[in-house]
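The following pair of complexes shares a single chain, chain A, combined with chain B in the former and chain C in the latter.
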Partner chain A sequence: MTTKYKEVAYYPGCALDGSGHAYNTSTKAIGKSLGLKLKEVKDWNCCGAMEVKNIDPKLQTYLSSRVMSIAANEMGFDTVMAPCNGCYHNLKKAEYDLANDSESADVVERLSEKAGHDTYQAGQIETIHALDWIKDAIGEDGIRERVKNSLKGIKVANYYGCMYTRPRHIFPEKDQGGASESTSQPHFMDDILEAAGAENVDYPLKTACCGGAHTLSDSDTSTKLVLNLLQAAEESGAEVIATECPTCHSGLEMHQIRAETNFGIKTKVKVLYFTQLLGLALGLKPRKLGIHENVSDSMGFIKEKGLA
Partner chain B sequence: MPIHEKSLIRPENLHTHEKLEIDGVDVSGHWSTFIQSRAITDYNENLEDEIAALPGGEYIHRCWQCGSCTNSCTVHAVNPDFNPRFWIYLIRLGMEDELLRDKDIIWQCVSCNKCTYSCPRDVAPEGVMKATAHWLELKGHRPKSPSILFDEVFAEQVFETGKIEEGRIIKNFFKRTNQPLMQDWLVEMVKRIIKHLPIKQLVSMGWASIFRPRTRGWAKARDAIKEYAAEKEAEQRRALNLDGVNKTSLPDDERKSA
Partner chain C sequence: MIPLNDIEARIESAETASELLALGEAVLEHWLEAHGKNPTATKREGFRLLALHRQGAQGEPSFNACRETCRELVYHYNLINLDPEHSETAKRLRLARMVAKHLFLFVSGKMEVDGLGEFCCSSRPLRAQSS
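For the complex of A and B:
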């Protein structure tokens, strides 16, 4: 066990206030259970998401930089943790652009001055994902010590999506060999859930796309992509897909239903946030982990497995 | 076995004559299929520069045509006509008419960034797709795509309040794209959510859609963002020569007198 990440700035982002609320609830619950302190970034704003990036990438850089500026300059943190892949990706992207593109830095400086807050300078803060947080602050051994309700016998497909690993250049700490995360074969979630007792299946679509960007604007494409993910998980022998992104998670849940209503194809694999699975292993009650907030109903499955 | 990522021969350019005799030789039937020759004379020499002037398109000139982008593309796997490598090729050559054949699918890029991950030349093809989709709409070659309309609905709310509220985004997006909110699958989803959600939570969800969540002290940031966004929009219009009278687009006689 390390002393790393014991207290970090917490950036939930917009989705965790809405459709991904269960991810927010379960992240906070496991933090509390593991003795890790989360201090929410005050007066945070949207990271810019994919949508503002499409309108103008530098505006997304500014929006993300404002969050990092508050966490670093107003709250004095050196680490900000974002459980949402989109937020995590955007803060990383802003960090990269500010360190490598002077034009982006100029725009951020100008907008920060006009908005009346300190300009974020590259290198002031480290952005981590909830997976880094658990992996580095607690580690596999730490999880094993704390497991009260092993996930033994539960077959899990770990799904990471796009934004956690791509594009490679905004994640300089990945692909560094040793214990570092891999961008082609990410394994942090696998490691965490395996330590909690789960049986990880060999899932070939770990970093495939759920079509989240066009979940409403090109729904048929998204449904096809999600159906592919669901069916591949079932073919891999998984009973549950573990997620670490609110957009992927709600995409899987929404399009699982849409595949049923619009294409007549039913799949039965469950979808749970990795924080929910880990929380169950730590002995937390399903309600404390927001499992009732998920669209798909996993309660029967959880009871059957003796986790509640 | 090689995978044919793109056929250069189009069905409409293939000609088969059921009855044809040339110099007394009967060449009727399928074995004598001809490919109509094509001469391409209309190049838009500014096409690459115009795409490069839009956000995301900056590095298009680096492309070596290796095809890694198309090979890794999520949408290509669903629809083989979706072909980033080919579009980059057309743009760099200035073959606007050819590009316009695919104008209605280019916006379908899902930004999974597999292309940008695998590109050996750092072209950032995902950005090129976004720039091209923007270009098609700015030039009036097609109406705004659902993707752009979604981006606009989303960005407007972020600029205005600092945050988004998903219920409002969904409602506004369906309104702007003239779609009914009561889609079968959405209704089915809401039914399933309500089944196991406690009343307290439903009330707080309703609350959020009535009283928009907003970032405290956002007003100055909002004004700064809006000012910048307006500047960038004007800059793009200038780069694409969309302001005032565009002389090259006038009919010949008007151009002479202009």
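For the complex of A and C:
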């Protein structure tokens, strides 16, 4: 275990306040169990997500920079942990734009002055994902030491979605060889859950699109994409899909139901956040991990596996 | 060129990895032609599929969301063809079909949302007439 990331600023973002609340609950629960301190960013705002970014990318850069400015300049942190792939991606993109695009820096400076807060300067904050947080602060050996209910015998397909590793240029710390994360074959979630005892399956669609952006505009396309992800997980031998993105997670859960009601195709694979699986392995109760808040019911499976 | 609407059914009935690779190329050809580009005949890392993907992502960075799907299709093609007698070949072929299907769903969904291609009410000829 390292001292890195033992105490970080926590940016849950909008999704973890709403549809991904179980991810928020389980992230906080495992942090507490592992002795890692999370200090929520004060008065945080939306990262700019997809909607703002599509209309005005520089406004998204400003919105993300404000979160980092508060963490750095008002709270004194040098690390922000964002469990949501969209938030993580957007903060990373803002960091890149501010370091490489003077027009973005000008817009951020002007809007920050107008809003009355310090302008965020590139390099003040390192944005990390919840996977980096656990992997670096605790590590696989640290997890093995703390496991109370091994996930032994549970076959897991680790699903990262498309925003955790793309575009590559905003993640300069990835693809550095050794133990660094890979943008083409990400493995941090695999490493963490394997240390908790799980048996990871070879899942060929671990970074494929879940159709999240089409959910409202073209639900059938999203349902077909998700159904294919679910069926591929089952074909790979998985009993559970582990997720690390609230948009992917809710899409998988909702379209699993929609695939059954609209297309008559039922899939049995369970969908759980990696934080929930890790929490179960650490001996936390399902309720503490927000498993009752998930749309899909995994309780029977969890009891059958002796995890509750 | 194979009509886009026929590709999904062909993927589901494909019996070889070579067929799936060719169908993946056909999907990307549709994407390129809808964008007014001439699909390349060149190869990248030994595969036309990867060259077509790279061509399709030029000026369209969000298209990289299917980059690994293309690479997985190539990976499964290699797995199957390097050891066709392997006990898991049938399973690998089923997974390769799912990977190819994901590529089709992603690209065709993206084309439909962008109003490209020949789709029912958003058909390009109809849009051209109404404009």
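The rule we apply is simple: the second predicted complex is superposed on the first by the 308 of 308 C-alpha atoms of A that agree within 3 Å, B and C clash if a C-alpha of one lies under 4 Å from a C-alpha of the other, contacts with A are read in each partner's own complex, and residues count from 1 in each chain.
Quick note on the criterion: a contact is a pair of C-beta atoms (placed from the backbone, for glycine too) under 8 Å apart; a residue touches a chain by one contact, two chains touch by 3 or more.
The structure displayed is predicted, hence computed values, not measured ones.
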Fit or clash between chain C and chain B when superposed on chain A: clash
Answer with first, second, both or neither: which of chain B and chain C does A:G18 touch in the superposed model? first
A:L225 contacts which: chain B (first), chain C (second), both, neither? both
Considering only touches as defined above, state whether A:C162 meets chain B (first), chain C (second), both or neither. both
One more residue to check, A:E235. First (chain B), second (chain C), both or neither? second
Classify the contacts of A:I257 with the two partner chains as first (chain B alone), second (chain C alone), both, or neither. first
Look at A:A49 in the shared chain and tell me whether it touches chain B only, chain C only, both, or neither; answer first, second, both or neither. first
Does the superposition put A:N100 against chain B (first), chain C (second), both, or neither? neither
Which partner chains sit in contact with A:A208 here, chain B, chain C, both or neither? Use first/second/both/neither. both
Once the two complexes are aligned on chain A, which partner has more residues of chain A within touching range, chain B or chain C? B
Quick one: from 9-17, 63-71 or 81-89, give me the piece of chain C that collides with chain B in the overlay. 63-71
Taking the two structures together, which residues of chain A meet both chain B and chain C? 162, 166-167, 208-209, 211, 214, 217-218, 221, 224-225
Counting only contacts in the complex, chain B reaches chain A at residues 55-56, 74-75, 78, 108, 110-114, 116-117, 124, 127, 130, 145-152, 154-155, 158, 162-167, 170, 173-174, 177, 184-185, 188-189, 192-193, 195-198, 201, 205, 208, 213, 215-218, 220-221, 223-225, 227-229, 232
Which residues of chain C touch chain A once you look at their complex with the stated criterion? 61, 64-69, 71-72, 75-76, 91, 94-95, 98-99, 101-102, 105-106, 108-109, 112-113
For chain A, which residues count as touching chain C in their complex? 162, 166-167, 184, 204-209, 211, 214, 217-218, 221, 224-225, 228-229, 231-232, 235-236
Listed in rising order, chain A residues that touch chain B in their complex are 14-15, 17-19, 21, 43-46, 48-52, 54-59, 62-63, 66, 107, 110-111, 114-116, 162-163, 165-168, 183, 208-209, 211-214, 216-218, 221-222, 224-225, 253-254, 257-258, 260-262, 292-293, 295-297, 299
